[in-house]
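Reviewing the structure listed below.
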Amino acid sequence: MNLPIEAYLVVSTLLFFIGVFGFIARKNLIGILMSVELILNAVNINFVVFNRFLYPNELEGMIYSLFVIVVAAAESAVAIAIIINVYRKLKNISVESIESLRN
Amino acid sequence: MDFDFIDYLTGQNIMFVVLSAIVLGCGLMSVLSTKILRAATYLFFTLFGIAGLYLLMNYEFLAAVQLSVYAGAVVVLLIFAIFLVKNLGHETEKVSCSKKGIAALASVLGIVMTLVIVFNEGIVPAVVGPTAPQVDMQLIGDTLLGSGKHQYLLIFEASSVLLLACIIGAIVVATKSKEEK
Amino acid sequence: MDYSQFLSMSHEISLVSLLIILLLADLVMGKKKSGFQACAIGLFAIHTVLGFTCFGESAGNAFADMYQSSDLHVLIKNILNIGTCIVLLMSYAWNEKENKEYVGEFYFLTLSTLLGMYFMISSGDFLFFYIGLELASIPMAALVAFDKKSKESAEAAAKYILTAAFSSGVMLFGISLIYGTCGSLYFDEVAYKFASATPLMVLAFVCFIAGLGFKISLVPFHFWTADTYQGAPTSITAYLSVISKGAAVFTCMAILFKAFPSSTEVWQTVLWIIIVLTIVVGNLFAMRQENIKRFFAYSSVSQAGYIMLGVIAGNEVGVSTTIFYILIYMFTNLAAFGVISIIERQAGKLNISDYNGLYSTNPKLAVMMMLALFSLGGIPPFAGMFSKFFIFVGLFKSGMIGLLFIALINTVVSLYYYLLIVKAMFIKENEKPIAKIESDKTTICAVVICTIAVIAIGFISPIYHYIESVSSALN
Amino acid sequence: MDTVKLLAPIVLALPFLMFFVLGLLGNKMKPNVAGILGTCGLSIVAIVSYFIAISYFWGFGRVGEEYSQEILFNLDWLKMSETLPGLTIKIGFLLDPISAMMLVVISTVSLMVHIYSMGYMHGEEGFQRYYAVLSLFTFAMMGLVIATNIFQMYIFWELVGVSSFLLISFYFIKPSAVAAAKKAFIVTRFADMFFLIGILILSYYTETFQFLDLTAVSGDHATLVHDRMCGEEFFGFLPAISTAMFLIFLGGAGKSAMFPFHIWLPDAMEGPTPASALIHAATMVVAGVFLVARMFPVYFFEAADVLTLIGYIGAFTSLFAAVIACVQTDIKRVLAFSTISQIAYMFVALGVSGYTSEHEACLGYTSSMWHLFTHAMFKACLFMGAGCIIHAVHSNEMSAMGNLAKKHMTITHITFLVSCLAIAGIPPFSGFFSKDEILVAAANKDTVLYVCQAFVAGLTAFYMFRLYFRIFWWNENESYKHHAPHEAPKNMTVPLIVLSIFTCFMWIEKFFPFFPDKITADRKTLDLEFDSVIAGASVLVALVGIGLAYWLYKEKNDKPDAIASKVKCLYISASHRFYIDEIYLFVTRNIIFGGICKAIAWFDRHVIDGFMDMLGWTARESASGIRDVQSGNLQKYALGYILGVIIIAFFVFCSL
Amino acid sequence: MSNLLFLSLFVAVPLVMMVILFLLPSDNKKAIRYTMAGGAAVILALAGYLTVDFLGEYNPENPDQFLFTDSAEWYSGALNIHYSVGVDGVSVAMILLSAIVVITGVFASWSIEEKTKEYFLWFLMLSIGVFGFFISIDLFTMFLFYEVALIPMYLLIGLWGSGNKEYAAMKLTLMLMGGSAFLMLGIFGIYHYSAPQGQDLTFNIIEIAKNHSMDIEEQRLFFPLTFVGFGVLGAMFPFHTWSPDGHASAPTAVSMLHAGVLMKLGGYGCFRVAMTLMPDACKEQAWIFIVLTGISVVYGAFSACVQNDLKYINAYSSVSHCGLVLFALLMMNQEAMTGAVLQMLSHGLMTALFFALIGMIYGQTHTRDIRELGGLMQVMPYLCVCYVIAGLASLGLPGLSGFVAEMKIFVGSFKHADTFHRFFVIAGCTSIVITAVYILRVVGKILFGPLYKVDKIQDTYFYVSEHNGEVHHNKLRDAVWFEKVATIGLIVSIAAIGLCPGWISNMIAGSLKFVNELFK
């Protein structure tokens, strides 16, 4: 007997919120970026699971995941570029170092 | 409904549990570890585990992409970045408990709410289980390059622009300006 | 396979060709790049004109409804084109002076985000929408970081890209749940299935709106706005506050109408809360700002709330008034940002207190700024009043009198802080006012165009009539 | 009749024109030119008035048994209502016995004052302005008495008020004059408010302002008022007619300085003396009496209770004022209180009057009008005489006078004496006849009132002769050494003589044949009978008063002070006018200004405005308060974001 | 000439003047002033012509209350906005008033030296708003012009004002805009229910009144909103507090225009929009507003009694008088409403006169504190006589305009025989006494009495003031020619209405015939 779909969703949900936790709790920007990757992966699991379990006739979910991976890669590239830029300006990439714009 | 534990003790399910444990455990370690390089390593394992889940669901192509793009490219990129930033690899993060607490609280709230909703929703699974037949590569190719319903030529083209723009953007941002040189 | 379908995407094709031309030109022209900007702006202007003249005819859906187009889509793209054109004019001098090195990239990135907005606007399914959204966001982060000298620019970019990534993660979570419940990602099929609102759907919807709300900068998804607006180069701030926001609002509206037409109750409730928060919080924050760009960031947050009033109205008047509002808001805000960028470039001043006594030294700039502020505050006979009035009519039609009342009361608060700027410029005295400024021609040209539009649009009813006539496409 | 109709508008138009000419161009003229112009204008008005009055009484006025009420002209001024034509304010000319009589009174006194002022005001700054305001006053007073409708009366009523204000404040540099003017205006205005409300009530029911409609009598009722208002209630519990008529009376009481509105009149003496003579002695102050007389049928038939009340208020006021007059030291103040007292007499007369002329029932009415006439003459004379004296000694205070009889002020002395005798009620001077008839009327109706009024008659004789002796006898004042008193110039003495001629010979019917028998409530002729008992009694009382005054004030002595110290309490409170002014002052300054106004102003600034400011304050404070939410920390933003999602989703679940 | 063009001239002339002024160099103050005077004279002539024309065209039998109506489509389709114009007796009276106040305002601002051009540009914008409001019969354009008239106040006060001007300007603008927020909601309500189900909605007030398709339930909600919205501008208690501060800080001519004309927009709007379009709710809720306006009347008068700043006195007096306007309107019969309109006219003229005079006095003494002034009659007799006349008009002296208005109001109000109305009418009557009190207080204190803080040096008077230990001598003089023009213009108008009120009263009353039917 197969595990119900909810089991998969539990995994994705937990992973998603682990990512959220990381985003909020990590200290440096690369760590935060990693957390974003976790979030995106959680979403990907969702798409794939739904596709596989509920709507197996079309490949929508899978394709979506595919493109999310593509976009995530591009996004990380730009994000890393920006983080390096920040490092160059501020010699630091902790979150607290980018708090000068406020209120 | 009788719940028979044994019924669930299939190889498929065991694999799922193991992979899930890896994914979640490594994910958690990745966000909790105080050393950024370790976190990247855990992230790598997480992504690996997720690729395993894809395989488990017979999405080989996707698993491959996951491994090559994510585990292969993104994580490497991250590690490069970590090395580019001096001393970062050796620094330990000290995050205050209150910050963690609040983050945990928000996450737990979200988890509880989402799960409650998911379990109350009563999603009826389709007849097909997780072990559906493999996806034909031909089909994937058609899907990606077709222009009909459920075909994604347009997206394919659009994402090419996206990638180009992102590359250019990343280069512009990352290169030093004249003054800095 | 029918590649001729690409032909229905006239705007996109034209813009992609433009991008390629610019890329090549950038390569060919080498280091000197004199005339590159003129060429780019000229080409874009041609693109804009073409948008008005020829592109409308081929409008129609393509790729099995993944790409959707109608007169309305063409119109909103044209509006964005005009806005972008003005932003490019405004950034001309900045590029000449500060950004000689990467001017090609600047144009490429700006226009590729515009392309992303086209995609968003014309999307017929969530995937295409997502790609468009990211295409509009990620290069934008690079643009925000474009000011190489400024630490703030880097900070702003970091905040922007990370929040954007986070927000798109949340949005994707929502989309995945929508996919899970509806089994499709095409808007029309979602609309077909997304009928009864289960909690999961609500959650999915809220996550999705959060992602869009990030782009529109609705409270509580707005936090990046102020920091990014302040740190980004001024023309990019203008671009963000107007073009990006306008595109997102239209997309939001289109998706709500196309994908969730039968669950208006859900999204009206969600939007109700968000709009009230947006208007109130935007206003409260704007009251106490010292930096003018930051001030306009909050003002734009609050304005976003007003624009969304047309969306929440959910009726035909709502659609046309929203677009009308976007149009007018675009001109108004661009006029203001034009003045700000002139002053920033020539005098290097960005604090509101620096604007004290501006009228005595630079009366023309002060007056144009004032007109823009009055228009933002909804003071007749400037265009802003027309758009506000009309959008309220739409809202009233949908019966949300309570929301309307809150919005109306908040117009008073917003008037307060707009008048603060007017007060600074006209009434307050300054020992060292900003010296007389020689404005650069392109920027001043852009500002004058905007000012004329601000004065005139309200009186020229055919504009609204045209919008009204095409806006039935969404219903 | 046609000539009269033709001439009638002059009575109003000419003074009005004079006012404009003198007001606008006065400063460009020489003072004398302005004075002469004003006087000439008034002479014409006086001639026209006399002509109208004479041709009325002996000409067209007499129709059968009674005198007719003629409307000479009546122009629409303002329609109050499109649907009720009665509610139209008209400016017109109603000629009947009392208005004809008033024309004579006003034009006579006014002309005399005009002439007198040429001398008295000579050299004053603002001479032209003075004449302009006199013209305005004459215009207003004329308009008041010839009013065809109650609203016209009210209009001119207000105008006389303002001209009174302008004349009292003629010496506007003097703070006391300004204060007096303000007091006069505000007190009368306060009373006018009641008048207005009374008019409103009356016109609401009767739907007309016209006197002819309001006072039309048939049988035992004032028809219109009776039909429309009988049984109606105001505010649910007040009988409408009585309320309205009482309020209207209050208006009159204000102008005529009845208790408790009397406080303004003594202070009004701050104005130039001739103006006091005209306004605050002869004409304006009797407007209240005229008003009650004008509305008399309504009072008598429909509001008899109010009429009785009027009588008692009059009696009280006359006594009250007479007592105060006995102890005043400022000669104009004495005259002012005397005026109050005498006007109160007229009210008493009206209060005890009947309506028909049969059996002398309306004797009160007739005597009241007659007293109005005679009083106007001798009181004007007294005031002008006082003016001459003040002119001579440069002071209002008795202490600065004395023994003036020997100082060559013969004309002043004699005319003053004549007027004093008249007011004291010594035959054959005019005052005797009118006052005697009042006493007769009172005796016929109400013994209490009679006794009271007889006593007041004695008091009157006393204080008038106290004044007379104190001024003209007593002993020589030391200040004369520096500045010897002298007789006034001709243009001041001539009016005195003219007026005392009126006073002396009014009883000779051949000279002054039109009064009093022709002035009755029902406009029929009255056959007057002479009541020798009452006449004798009143003369006796007057003689006692004069004798007492002679005993006390013929020569300088200590008796007055001794008596005063014996009844110290009464003396002091009387000389403080029974502290009524202080009470008013307390009420206005402490309660209204200090209490109500200040409280409201405070409330406005702090509560109402404070609330508005607080709204702004709250917004700004909350803006400052939430600033830190935008902490600049990326992760807090994300936290806000995710919590926003969770909370909004949760909220939506709950609300759906 | 079509009606549309003719009535639009009232907006067009100021607009053209704005363009001319814009083109004139800002240092040529003379040309600017004469342009203004000429333009204002043209407007006055137009207003006069309009009045004559209206009286000629007006036919008492004609049931149409509006004349010269015309309309041009502006926003067609769902919004259905027209640029519609038309006038009735009430608006003609208001236009006439505005024209008079505008031209006298120009003369009263003659001496403005600082930023003359800008000043007059804003001044003209205000005039455009005012005239536009009175000629419009389309709710949208009315609202548009309404706000056009409001916003120039901010800069006029903020730039050319005195005292705590920034605060006052902001407060005034925000409160009035707050009012217009209410108003806007009301207008949406009216618009939304402007036509029976299935027909096109309209902003045209004539059509809305004709359709009368709003149910009582909706009226109950939107009537108070609209009434309060306009009531804020009409200085209705408790929304009047902008008035004292605003007026105190505003420059002379701005106070004149604001109290003289702008506040009338409030009363006019209450009548034209709130009451005639939602008569049923008006009848039902009138009592609430009668209480509030009744309080305004007495409260304003009492407050005025203890103020020490001349402008504050006048501002509170305006609260009282404008309260009386709204109060009379709420009596809902032809007589009282005619009185209300007359009161608007009268108050407009005499308050303008008051503010003009206060400005002229203040211009020389640099203080408006009545405790610091005294005996000015000797120094500047012309101005002081004018002040007395204004005061007399204010306290309702017959022969001046205030009397006519007040009497009509009281007679009309007395038609309501119930205790509630009676009580408030009588309370209203008391205000005529209190008015006398505060008017005479000022007259007695600053005009009459001995000279205070005034020195006479060689036939010239100087006002002596001490500021921060320094003694200042400000030269005092009587009115100069432009001040005389301004004051005489107003006094003549006040006296003209006061002496021959018949024609204008009939003109207004004729146009108000319908109210008796409407509020039956």
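By letter and in written order, the chains are A, B, C, D and E; residue numbering begins at 1 in each of them.
Criterion: a residue touches a chain if its C-beta (ideal position, glycine included) is under 8 Å from a C-beta of that chain, and two chains touch if they have at least 3 such contacts.
These numbers were taken from a predicted model, which means no experiment stands behind them.
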Labels of chains that are neighbours to subunit B and to subunit E: C, D
When each step joins two chains that touch, the fewest steps from subunit B to subunit C total 1
Based on C-beta pairs in contact, work out which chain pair has the most and send it over. A-B
Compare the CA centroid of subunit B with every other chain's and tell me the farthest one. D
Centre-of-Cα separation between subunit B and subunit A, whole angstrom: 7
Take the average of all CA coordinates in subunit B, do the same for subunit D, and state the distance between these two points in whole angstrom. 102
Whole-Å distance, C-alpha centre of subunit A to that of subunit E, is 64
Could you put a whole-Å number on the gap between the CA centroids of subunit C and subunit E? 42
Hey, what residues on subunit C touch two or more of the other chains? 127, 131, 134, 138-139, 141-142, 145, 157-159, 162, 166, 170, 180, 199, 203, 226-227, 288, 416
So which bits of subunit A are touching at least two other chains? 16, 19-20, 23-26, 32-33, 54-55, 60, 63, 67, 71, 74-75, 78, 81-83, 85, 88, 98, 100-103
Considering subunit B alone, which of its residues make contact with at least two other chains? 99, 102-103, 106, 110, 113-114, 118, 123, 150, 152, 155, 159, 162, 166, 169-171, 173, 180
In contact, pair by pair, are chains A-B, A-C, A-D, B-C, B-D, C-D, C-E, D-E
Of all residues in subunit B, which touch subunit C in the complex? 113-114, 117-118, 120-121, 123, 145-155, 158-159, 161-162, 164-166, 168-173, 177-180
Partner subunit C, residues of subunit E touching it in the complex: 74-79, 81, 140, 143-145, 147-148, 151, 154-155, 158-159, 165-166, 169-170, 173-174, 177-178, 181-182, 184-185, 188-189, 191-192, 221
Which of the residues in subunit B come into contact with subunit D in the complex? 99, 102-103, 106, 109-110, 113
Quick check on the complex: what are the subunit A residues that touch subunit C? 16, 19, 23, 29, 32-33, 36, 39-40, 42-43, 46-47, 50-51, 54-55, 60-61, 63-64, 67-68, 71, 74-75, 78-79, 81-83, 85-86, 88-90, 98, 100-103
Inside the complex, what are the residues of subunit D that reach subunit C? 616, 619-620, 622-624, 626-627, 630, 632, 634, 636-638, 640-645, 648-649, 651-653, 655-656
